[in-house]
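When the chains are written out, they are named A, B, C and D in that same order, and each has its own residue count from 1.
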Amino acid sequence: MDVSILLFYGLATIIVFFALAVVISDNPIYSALYLAITMVTLAFVYFLLKAFFIAGVQLIVYAGAVMVLFVMVMMMFDLKKEKNSFSKGKFANFIKVGSAGWLCGLIFASIMLSKGMLPLANTNTPQAVADTSTKELAILLYTDYIFAFELLGLLLLLIAVGAVAVSRIKGGTHE
Amino acid sequence: MNSLVPIIALTIFVLLFGAGLLFLVSLVGPKPKNSSAKNSTYECGIDVQTTGHSKISVRYYLTAILFILFDIEIIFMYPWALAYGDFIKEGHGLYILGAMGVFLLIFIIGLIWEIKSKALEWD
Amino acid sequence: MGADLFEVSVNLVKMIIIFVMMVQLVPLLVWVERRGSAFIQNRLGPNRVGPLGLTQLLADAVKFIFKEEFVPEKTKRFLFYAAPVVSLVPAAIAFGAIPLSLPINIEQFEMFGSTFGPYRFAFQSFEVGIGIVFVLGISSLGAYSMLMAGWSSNNKYSLLGALRSCAQMISYELALGLSIVGILLLYGTFDFATMIDAQQGPLTFMLLGKEVSVPFLPNWGIFYQPLGAILFFTAVFAETNRTPFDLPEAEAELVAGYHTEYSGLKMNMFYIGEYGHMMAASALMAVFYFGGYDIPFLSPDSVRETFLGWGLSANKAAIATAFLFHVSMFAKILFFLWVFIWVRWTIPRFRYDQLMDLGWKTMLPWALANTIITAIVIYIMRTNWS
Amino acid sequence: MNSLNMLGDFFLSPVGINHYLGLSAILFCIGMVGVLRRRNVLVILMSIELMLNAVNLSFVTFSHFTQNINGQIMVFFVMTIAAAEAGVGLAIAVTIFKRFKEVNIEFFEQLKG
């Protein structure tokens, strides 16, 4: 038994369990907290895949910023346990869950059938150093993807303006 | 993977340490004597007026949204800062400075706009 | 984690020792804080129990343990108990990722009839290649325990305090994250150990292709990044919710912030988390700007040679050197912890709007300016103009 | 090869690209169920985040197993877009909530310009 097998299955179990809890829990605040746990565990999976910088960004952006925003908004709303948290209609629900399960099976089957078609590189290279892989990423990001990078800066500016504008809309009870 | 096992082990150890300590203390300490005055939510000595969660200013979430956007822009600077020395060594210093210059310009415009638009005012 | 049982167990024990050290430092710091505040305010402070009041710590611990375990009604019980436990995790992991001394290289040795080694033990709980990013990410998870505590208490003061401290934390995280960019530009690495290695020796830098050396100053980050250091340290105060930024606990308006409903050991755990954050922040301050475990004008190799000259074996010399440099690191951490306490009892609390203004309108632009200036200066100095 | 054989193969083989992709597929479908079945708009947003994370995971997996760093850059971009999407989505949700005290997605259908 290799440690990495144990690690992968342990992390995968935690991820799937809490992802299910996000969807099933009928209190949205608990949903948000479960999602935060999922995000942190996913960061560990990225560690396992030697994507160190991406793991750090996952921790900072998803777990440390986006989910904090979600939890904050939930607490502001003061949502109680929801009575009608799921959509109605037995047949419709059956189709919804069934189609998701079918999609999952489809992806699984295609993964298993296309096994060996992708030329895999040797991943047993000596312990990748975080700095060098991040530098590689940086060099690509600021040369080949420079235009996309500047556009994302612009997008973030527009989003900031938009968010402020939306929250300026008058009316309602909260100040 | 080498660093992942100790991180997970330490997390589990700390969680167990905290939970175990709380459990042990609950065994040792005196049993609580309950009374309605003691059990009620603390509200400076008066009877509980609100049900707990009152209305909260929207500014908190506005701050949080702006934080996310600026945080991502800062994260974009980390790989840049890391590779900056290498770019200079290869003679592309002006290029990388200009590339980040445009990005920083957008960042600064955003910051100035936020300050001017009074989205960050607290009263 | 290790190749054989010896290495694994040493790493485990090391990890637990570092965590216990962190927890054990908290009562000591509380004592220093109480005595220090008394000293600053011209009082005596706790001096009755034991010499200098030192056994006050024990009395406090016993008191905390024998407190009644009490939960107010209408709380969300699970989250109410989970919040203090969760508050320990970010601080412990962040502190564990920071190197406290040189790594110890152990050569092959014989014990119980079998040979062991060679080993390399890092003087920290674990080595993460992306040190800075990891520590920033982990410490930003501290917001959850506050929000959990504030919401599960079912008390408006708790919730308001939690939201306040959360908004404050995230606002200053921007300035914190941006002030580090200067350090990254300077050293070009995420790794703490590499960063500390770059700070050895006398102050040396490239000026227009020539190497300039200032022999009477150590090569510490503070001389390259004075503005960054000030911004970082200020932001760290706000991150750890310490005075002058302890708005979540403003008694006049919010009672005790997010831990209004907490008592006994649960309350104490929040303090352990807070002090743990302070320790991690002090260690980061030392690593980024004050050379980490570096002792000015003393290189690790010369120290090891000296120890070898005294007739110690190679392994013992390596261990002794590591512990000597650990003392230096620890002294720096303790100094910054004292600065935390010192500032707390010197500067009054900010008002909330002033606090947010300082974070967004003063520190963020200055951190930006620091980044731009550092980038331009590094460009000018490191480019080969000839 | 029958399906039982395939499953046995899957769980007994050492952890490779298939396992990570499988985890990603499961996560994606859980997120999809959340989007389809939940009625709270905030939970729907969270389910979308879950789906985006699943996609990120498969990007990182391919990036690792083909030793190609391009995938990680895509992840970086996806994270940015996801955060921006969450920001705007929450801003709209909060605005509607302060006006109508409602987070149910079925109520949103009745809103008119």
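By our rule, a residue touches a chain if its C-beta (ideal position, glycine included) is under 8 Å from a C-beta of that chain, and two chains touch if they have at least 3 such contacts.
Bear in mind that the values here come from a model prediction, so they are computed numbers and not experimental data.
Peer 1: Which chain pair is joined by more contacting C-beta pairs, B-C or A-B?
Peer 2: Ranking A-B and B-C by C-beta contacts puts B-C first.
Peer 1: What chain sits nearest the middle when you go by CA atom centres?
Peer 2: It is chain B that sits nearest the middle.
Peer 1: How big is the gap, in whole Å, between where the Cα atoms of chain B centre and where those of chain C centre?
Peer 2: Computed value for the inter-centroid distance: 16 Å.
Peer 1: If you average the CA atoms of chain C and of chain D, how far apart do the two points sit, in angstrom?
Peer 2: That pair's centroid distance is 35 Å.
Peer 1: So how far apart, in whole Å, are chain A and chain D when each is placed at the average of its C-alpha atoms?
Peer 2: 6
Peer 1: Give the residues of chain A that touch two or more other chains, as numbers and ranges in rising order.
Peer 2: Answer for chain A, listing residues that touch two or more other chains: 3-4, 53, 57-58, 60-61, 64-66, 68-69, 72-73, 75-76, 131, 134, 137, 141, 152, 156, 159, 163, 167, 173-174.
Peer 1: Do you know which chain C residues sit against two or more other chains?
Peer 2: Residue numbers touching two or more other chains: 1, 128-129, 133, 151, 159, 163, 166, 170, 173, 177, 188-190.
Peer 1: Any chance you could list the residues of chain B touching two or more other chains?
Peer 2: Counting only residues that touch two or more other chains, chain B contributes 2-3, 5, 7, 53, 56, 58, 60-61, 64-65, 67-72, 75, 78, 82-83, 86, 100, 107, 114.
Peer 1: Hey, which chains are touching each other here?
Peer 2: Those chain pairs which touch are A-B, A-C, A-D, B-C, B-D.
Peer 1: Could you pull out which chain C residues touch chain B in their complex?
Peer 2: Contacts found on chain C: 1, 11-12, 15-16, 19, 64-70, 72-74, 81, 84-86, 88-89, 92-93, 96, 125-129, 133, 151, 153-157, 159-160, 163-164, 166-167, 170-171, 173-174, 177-178, 181, 184-185, 188-190, 255, 260-261, 264-266, 269, 352-353, 356-357, 360-361, 364-365, 368, 371-372, 375-376, 378-379, 382-384.
Peer 1: Could you pull out which chain A residues touch chain B in their complex?
Peer 2: Of all residues in chain A, those touching chain B are 3-4, 7, 44, 47-48, 53, 57, 60-61, 64-66, 68-69, 72-73, 75-76, 78, 127, 131, 134-135, 137-139, 141-142, 146, 149-150, 152-154, 156-157, 159-161, 163-164, 167, 173-175.
Peer 1: Looking at the complex, which residues from chain A come into contact with chain D?
Peer 2: Result: residues 2, 4-5, 8-9, 12, 15-16, 19-20, 22-23, 28, 31-32, 35, 38-39, 42, 45-46, 49-51, 53-54, 57-58, 61-62, 65-66, 69-70, 73-74, 76-77, 79, 82, 84-87, 93, 96-97, 99-101, 103-104, 107-108, 111-112, 115, 118-123, 125, 133, 136-137, 140-141, 145, 148, 152, 155-156, 159, 162-163, 166-167, 169, 171-174 of chain A touch chain D.
Peer 1: Could you please specify the touching residues of chain D with respect to chain A in the complex?
Peer 2: Where chain D meets chain A, its residues are 6, 9-10, 14-15, 17-23, 25-34, 36-40, 42-43, 45-47, 49-50, 53, 56-57, 60-70, 72-73, 75-77, 79-84, 86-88, 90-95, 97-99, 101, 103-104, 106.
Peer 1: Give every residue of chain B touching chain C within the complex, in rising order.
Peer 2: Per the touch definition, chain B meets chain C at residues 2-3, 5-7, 9-11, 13-15, 17-19, 21-22, 25-26, 28-32, 38-44, 50, 52-54, 56, 60, 63-64, 67, 70-71, 74-75, 77-78, 81-86, 88-89, 91, 93-94, 97, 100, 104, 107-108, 111, 114-115, 120-123.
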